[in-house]
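Sharing a structure here in structure tokens format.
We just call them A, B, C and D in the order they show up, numbering each chain from 1.
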């Protein structure tokens, strides 16, 4: 058997990877954006033999960069998690997924810019508000993609309706948290990134509201 | 059962991934090129405590970079979409795919350079024309790859001929649009990237021409 | 058959890729972090026509960067290997894997920073100790992830207990080696990265201790 | 059915991806190294309104960078092709593959540095010779990996012996070509990268020698 026969007989590529390929391409973009964040944190180079204290001082000056790296890492990580959960519900390929997915990836790819902008200018209103605004936009594009992925013709038939409702609530909680942080950023710039923890409160609030609604519907 | 037995019995790697591997390698290159675009947009660092107005001014100065990022993101995204659609038709491995694919990836990998060149020198003839020229070249390499992938021995047997014809028309529309933008860039440099929307017109025009031809053939 | 039918009938995406997707996303982050290391090594540009000797001198000045690149490449490579071995034991998806995995990836993504910091300031105490401290933290996050992946509900049922014990010993050896290097870095800064070879000694020591324990249990 | 049941019943991750994961990790490293090459080509920024001629001059000054990008792109592409061909023959996982693979990836990841070094100092002996020397080293690590992958216990049982012999000849041709280029680089620095086309001659020469040997064995 020659290599050519081998390729022709056993090695045919089973098609059906349209969705998988879109997902892996997206994973690569998420992974690159999340790892590029560190590039904007410039490692200090001190005169050789500087006392230990100077190194600590140089590192302390990078504190806003470290915070921004950390926050953006988990923000992108959370969007990746949401993308993962949404496409976990998908089964059928549709070309309609391509553009909303590209728009979300565009917002994610731009995150290192907004992260470095806020880190370079800590506690300033415009960079802080812009960071939160960009997150709000990313959250919007995320919700838009989610709706396409968790609806026919893309969604798998055996996904429980309450699971999809939960995913959507999570997407909306991110947007509400980003909007909250945007308002906080305008009023108290230093708290721009801190205010993102409101995402957790919004999520719990929406979940409780959904439970109450479900109970009253059952009663 | 030891881990070694486990690997030998259950864990054999089914071969046949030659095409899949080429596709994933390509996806990674597309994803990196598309995400590296942001690296060339340098986040401003202003003196601490600058008034809000200065931040807006610094951002306004980045407007050409934002436009260039946005346009190139969707240009690379569109080429990725075309690559996706073309390889969706492929089923059989052939080493003949490797070189045309590498040439296309080379053109894609160089996009961040031409994007930053046009963004650094907004409205100038040479950077604008070069950007469009590089797109024309990328379009050419794309069409060349498409021809290999949508023809024997690579193409799957059950792909309808009209689907392949449609893919090829799309590839040609990108080239015609890039050529149009190249001419526009030489005459009115500011409109270089705007003129890329002519790709849409070319695509619709070619589709209509194909329909008319099909009708007259049926008659 | 139209393309649409084709997608609907043959091309359904078989789900069940939740774990695989997490693994590939992680692989991408590891791969990017390991490759970004080189970006921090700045290639010298000498006045044209400089004598050969000047080039050798410029390269010699990069010796700490070359060492740091080399060490960090294999450190990240080793963590990738550990990730690979751990997930090789996984079979069932659990959302509990997501956060510990993201924390490990965060530590890996930050490695290029600490690598460049030690390379820019060779033989200095703070950069050397910080490098080892970060490795210790990475080792800790690695052990934490390992515990989730090699325990129910994630672990495959047919993984031998002694294999899991071996994986965990390896994880602990990395932590002990990093702690050793941290102490060495504080006392003799130049030996910070050299002391990482103690990881090998710790691993062998732990293996021997496990064997002795197994023998005495059998006796 | 809840999502949890769904994951437990249908969504189990079939293991056996040990080889595949190593391959995809390697692909990601190749893809990143090949795409990072462009980062070292710095797009010129001219005073706004400079005459066209100045732009052409700025581009002309980047000619060595363009050549270096192009050559290195296809050098890395060729090593990727070789990796692809070698692992196409693999079927069984062995931990013995990990270290030789990491060493090759290390050499690939360092290529952007040597590429920028030769591009920054065109026609100089040390950067040219070092570039060829690194290629020789990469070729050596490639041959070492190839030997592990195309031999038991890794290789698939149905790979024809002459196919493996052909792969190995190709690997050796790369090394001989790099050695030739290294000698040329020392004598005539400007021809360092040009001399790499000798790889093609070595390959043809080795193929002819193998055919003659096969014939005389048959006779």
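The rule is simple: contacts are C-beta pairs under 8 Å (C-beta built on N, C-alpha and C of every residue); 3 or more make two chains touch, one makes a residue touch a chain.
This is a predicted model, so every value here is computed, not measured.
J.: From the C-alpha centres, identify the chain that is farthest from chain A.
T.: Ranked by distance of C-alpha centres from chain A, the top chain is D.
J.: Is the contact between copies chain B and chain D built from the same residues on both sides or from different ones, judged by whether over half of the numbers are shared?
T.: different
J.: Between chain A and chain C, how many degrees of rotation does a Cα superposition need? Round to steps of 5.
T.: Rotating chain A by 90 degrees superposes it on chain C.
J.: Centroid from C-alpha atoms only, then distance chain B to chain D, rounded to Å. What do you get?
T.: Each chain's C-alpha centroid was found; their separation is 24 Å.
J.: I'd like to verify one number: the distance from the centre of chain A to the centre of chain D, where each centre is the average of its C-alpha atoms, in whole angstrom.
T.: Chain centres of chain A and chain D, defined by C-alpha means, are spaced 33 Å apart.
J.: For chain A, write out the residues touching at least two other chains, lowest number first.
T.: 15, 17-18, 24, 28, 32, 36, 39
J.: Would you tell me which residues of chain A are touching chain C in their complex?
T.: Residue list for chain A touching chain C: 15-20, 23-24, 27-28, 30-32, 34-39, 41, 43-46, 48-50, 52, 55-56, 59, 69-70, 73-74, 77, 80-81, 84, 87-88, 90-94, 153, 156.
J.: Can you tell me which positions in chain A touch chain B when the two form their complex?
T.: 7-8, 10-15, 17-18, 21-22, 24-25, 28-29, 32-33, 36, 39-40, 98, 102, 105-106, 109-110, 112-114, 116-117, 120-122, 124-127, 130
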